[in-house]
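Two complexes follow with subunit A in common, the first pairing it with subunit B and the second with subunit C.
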Partner chain A sequence: MADKTAMRSLLLHVAVIGVLLALNFVLPEYHRGVFSRILVLAVFAMGYNLLFGYCGLLSLGHAMFFAAGLYGAGLTVYHLDWGVAAGFAAGIMAGATLALAIGLLALRTTGVAFMIVTLMFSQVFYLTTLYFTTWTRGEEGLVLRQDVRQLGLGGVSLDLSDPATRYFVALALFAVVLFATLAIARAPLGRVLVAIRENEERTRMLGYDVFANKLAAVVLSGLFCAAAGAAYALLFGYVGSSFAAIQYSILPLLWVLLGGAATTLGPLVGTLFMFYVIDIASGFTSAYMLVVGVALIVLVLFFPRGIVGAIRERWLPWLP
Partner chain B sequence: MRKRPQFYRKGTGMIDATSNNRSNRNGLSRRTALKGIGAAAGLMAGPGFVRYAGAQTSAPIRIGFQAHRTGIGAAYGRWYERTTNAAVKAINAAGGINGRPLEIVVEDDGTDPKRGAEVVEKFANQHKVDLVFGTLFSHVVVGSAPTAGELKMPYYVVSEGYHVASGKLNRYVVQPGITDVRSQVTSMAPWVSSNLGRKATMIFPDYAFGHDHRDFFTAAMKAQGAEVIAQVAIPPTESSFTRYFPQIPRETEVLYHVMVGPAVLTFVKELGEFYGSNRPEIFGFIDSLEAVDMASPGLEFLEGTYFWEGMPRYLQADVGDAERAYRDAVGIDENGASKDDPQDVSTAAHMFGCWETLYVIKAAMEAVDYKGPQDRAKVIEATEAMTEFPAGLEHPQGRKIFNGKIHQCFGHQNISLVKDGRLEVIHRTAIEDGMYQPEADYTSMSF
Partner chain C sequence: MPDALKINAINCFYGNVQVLRDLSIDLRKGEVLCLLGRNGAGKTTTLKAVMGLVKVRGGSIMLGDTDLARLAPHEVPKAGVAYVPQGRRLFSDLTVAENIEIGLMARGKGRAVRDEVLDLFPVLRQRLGQRSGTLSGGEQQMLAMARALCIEPAILLLDEPTEGLMPAMIARIRETVAELRRRGVSTILVEQRVDAVLPVADRVAFIENGRNRRTLDVEELRADPDAIHRYVGVG
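Entry: the complex of A and B
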């Protein structure tokens, strides 16, 4: 029975990737571009979901991990003339290292204190990006030229500013992080994280090292978010401090809540949903954030576990 | 998906673009044909149509306006949109561009660089506009520029940032309607050092906008043989400023301030409390107080101080015909507020850039006999070939020199004195005061 469920969920995820792959060929040009961004931002949301959804730690500072990846990749490519692959690696390393340091300090707290501590660290990171304008150009930001956004792969140079290439690269990153999330959710680590979320004291009493598991969740979460940030810089060519601001700590929380916390596909659904609510509502009114707010309230009232969470609860209990 | 509402103006020849897609979809009955002929005859007889009739096509030229309708730039965005509306109305009343009406498609970028890039993509791939224009905030310009370049979409910004002239963007980004911050700041130094003092202290926000002022003004004062003796950086999260004022040296002869954001009223109030009546000369950039009534409580301390203005907010005694006509078209009264609502103060020092940029776009499109998106690169080349914009109704702020290599214009600047709660222009700089050695050449870049 367990094997059957595992196979079914694996097939579902493969099918989702297949559909996303097919969409590249059928979507109108504008929506293909939109999906490229959404796939990258969904990786950010998946990173957030790992910590918030599975481990139950509500961070208000995840913009710093996204921005660490953004600047790790952007600054090395812009100032040191690193290649795309090296820049991406630098972005991931920057995010993972920062997450390790922040995790070691912030995990001494829990609950509201954890939220405040992560918020404060994130603000420090944001102000740092504003302050060192010589390197970052602060709020104005930096542009990564098209000619430096070329990915050498087996003797072939891929232009990351090409819409199709960008879509495939974004999808590849999304697929890797999606299956990594699925693997973590099924692995002992994922189960321990859920146990910590449900009852931290009991988990500790059973002999698990709660701090180490939480730290692993923070680092993995930071790494995924940084991968999204690095990919954003390299695919879309802009690095700026607005991505380190508080709103980019709130957004992944909303995406995850909308899509469904502790579901593997929820972050994608939430990111997609919110983008199109804004995109369509802004065509009717400049008060489009009010529409987003109403949509959020409706969802919280009628689907408190988010869209995918509600589907799992009501119809498909095997959804991971 | 529903399109953005179009600017529809009766009697100006503007056309709702959505109507263009419906022709012949369901065949053509005799009754429909007769109706159409009758309607066409009526239109031909009507005022305004004759000018379009001779054109090869009367399809509108569609320009995407990247508007700050929400977010921190909303006050600027509101007036940028009004000025754009007024310019479109004037251009269409005079026959449009090459006989084709001009139509504006608006998208709100939320004053956010990520959304800005998405909006440029939406303009190009969904609205299918001919070009994009109108962005003010620098971070939105820089965030959107890569997308404009990738989509080969001409992107005419009205931002006053040095980002365009720095050469860091791409060949599709142009700023022909407003001078950049380096030029503005540099042109202030000769008058400030000669008339207000040779020892300046600067107070500025501690991020790129403030750092540009710090770096350019310090260098410009040095070039005048004067000096900036202290630089007081205010962190962006600060809401009270009193504790920073003791850093201002006693020997300061002129205080240069460029604070922006909602805390500016607090800044002025606390500066007044700190100095009382015994203050140095004070010079600031009106950016701080755009869309803010100079008669607001707490701003009394600014009486007798000086401001940079790109274009005067208050109607000056020596106003020319072109400037008067521009103000009437935009709908601002003698105090620079909306004629419909005296409380709604304009962003007069900047918004003229939208008006002037649209006329540069018109000139460039007409120079290349613009037919459609295949001519976009030609429009950029035509703009690059321009060297001067004469003062007049198309350029009511004044004459400008355009450097095609750096895609940037240079113009006169105004220095105004706050007198009886109004801004009175007391000095107008020469264009040469704000010129600097170009650091880039976009024309050497490929399309």
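Entry: the complex of A and C
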């Protein structure tokens, strides 16, 4: 029974990747570009989901992890002439290290205090990017030239500014993080995180080190978000402090809530939905955020567990 | 009979309010010791002190050579103490099987322990795929006990396991406690009702104002029913 469920969900995820791969060949140029962006931001949402959905920790400061990856990759490539691969690694390391430091401090708090502390740290990060304008150029940001965005792979040089290459690289990153999330959700760590979310004290009474498990969740979450940030910088060639602003801490929360917290595919669905609601609504009215607001209210009223969460609850209980 | 757990003159506070005052209790190996007392007497706090959920000031809680009062809360179960709190506190969004799995993973136990635990609570076998929040009160209590037993504890702490259950379920819980005693598990059972404990307890400790006023064998208690009123005024 368990094996059958595992196989079914694995096949579903493979099929989703297959569909996304096929979309590259059928989507018009504009939508292919939008999808590349959505795939990278869905990775950001998956990182957020790991902490919020599975572990139940609501952070209001995840923009700092995304931005740590963004600046970790962008600054090293821009100022130090590092290659794409080294810049990507630097971005991930920056995010994971920051997450470890923030986790050690912020996890001393819970609930609302945790939200406030993460928000404050994130604001500090944002203001830091504005303060050191010599390096970051603040709001104006840095533009990574096309010639530095070349990924050497087995003797072949991939131009990350090329739309098709960008799509495939974004999809590859998305696939890696998606299957990593699936593996974590099924692994003992994932079960323990859910147990902590459900009842922290009871989990501790079963002999689990709650702090260590929560810290692991923060670091993994920060690492995924930083991977998204680093990929964003390298694929789209722009590194700006607006990505460290509070808006980018709220967005992943909305994407995850819309798609379905603690579901593996929810973050993608939520990001996709929100992106296209904004995209379509902004074609009709300048008050498109009003449309987004109404759509959010309707969804929260009728699908309180998010789109994928509702599907799992009503029709497909085996969905991971 | 040697002691399985020796609580020695512990003091506990909630803020500035002292809840346990030089409380001492000896739990013997393989016995069921019941803590009786009024609301607020300190019964639950005693269990929480053993688990490290309430800070102990002074005294010791010895499990063999280990002073549990010096361990972090998550290390106490690893030392072999399982706790089933009042109100069950299941992971209600997880299924019965997942709840048990969490218990098994805590100490790296495998399928054999799982089967052993499910043999104790056959009804759970039929509910493995069901979300635990949707179980009946009695079934939830069984699952809470099953999950605690997954770590194969030497000491089991049960806080009012029969609270709010119908008589048939109370009898089932009692049978399970008796079966665990036969298997050598030492149990501290917190109850408010004497009739719920007499059939299963070996000794009864009367807790009043955070002190252990007296510990009696059940036989002594049966021979002198007024003792209950004399010591704590419950019945």
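What we mean here is this: the second predicted complex is superposed on the first by the 320 of 320 C-alpha atoms of A that agree within 3 Å, B and C clash if a C-alpha of one lies under 4 Å from a C-alpha of the other, contacts with A are read in each partner's own complex, and residues count from 1 in each chain.
To be clear about the criterion, a residue touches a chain if its C-beta (ideal position, glycine included) is under 8 Å from a C-beta of that chain, and two chains touch if they have at least 3 such contacts.
All of these numbers come straight from a predicted model, not from anything done at the bench.
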Report task. Figure out whether A:157 sits in contact with subunit B (first) or subunit C (second), or with both, or with neither. Result -> neither
Report task. Give one of first, second, both or neither to describe whether A:195 is in contact with subunit B, with subunit C, with both, or with none. Result -> second
Query raised in the report: So, A:210: does it touch subunit B (first), subunit C (second), both, or neither?
Result: second
Requested in this report: Considering only the touch criterion stated at the top, classify A:138 as touching first (subunit B), second (subunit C), both, or neither.
Outcome: first
Query raised in the report: Is A:34 touching the first partner subunit B, the second partner subunit C, both, or neither of them?
Result: first
**Report entry** Per-residue contact with subunit A, leading partner among subunit C and subunit B
**Finding:** B
Query raised in the report: Just subunit B (first), just subunit C (second), both, or neither: which does A:243 touch?
Result: first
Query raised in the report: Which of the residues in subunit C come into contact with subunit A in the complex?
Result: 51, 53, 72-78, 83, 85, 89-94, 98, 101-103, 105-107, 129, 147-148, 151
Report summary line: Given the complex, residues on subunit B that touch subunit A span 1-4, 69-70, 107-108, 112-114, 117-118, 121-122, 124-126, 138-139, 142-143, 145-147, 149-150, 161, 163, 168-170, 206-209, 211, 235-237
Report summary line: Note: in the complex, subunit A contacts subunit C through residues 1, 188, 191-192, 194-195, 198-199, 201-210
Query - subunit A to subunit B touching residues, read off their complex - result: 28-30, 33-34, 37, 123, 127, 130-131, 133, 137-146, 161, 236-238, 240-243, 279-280, 282-284, 286, 288-289
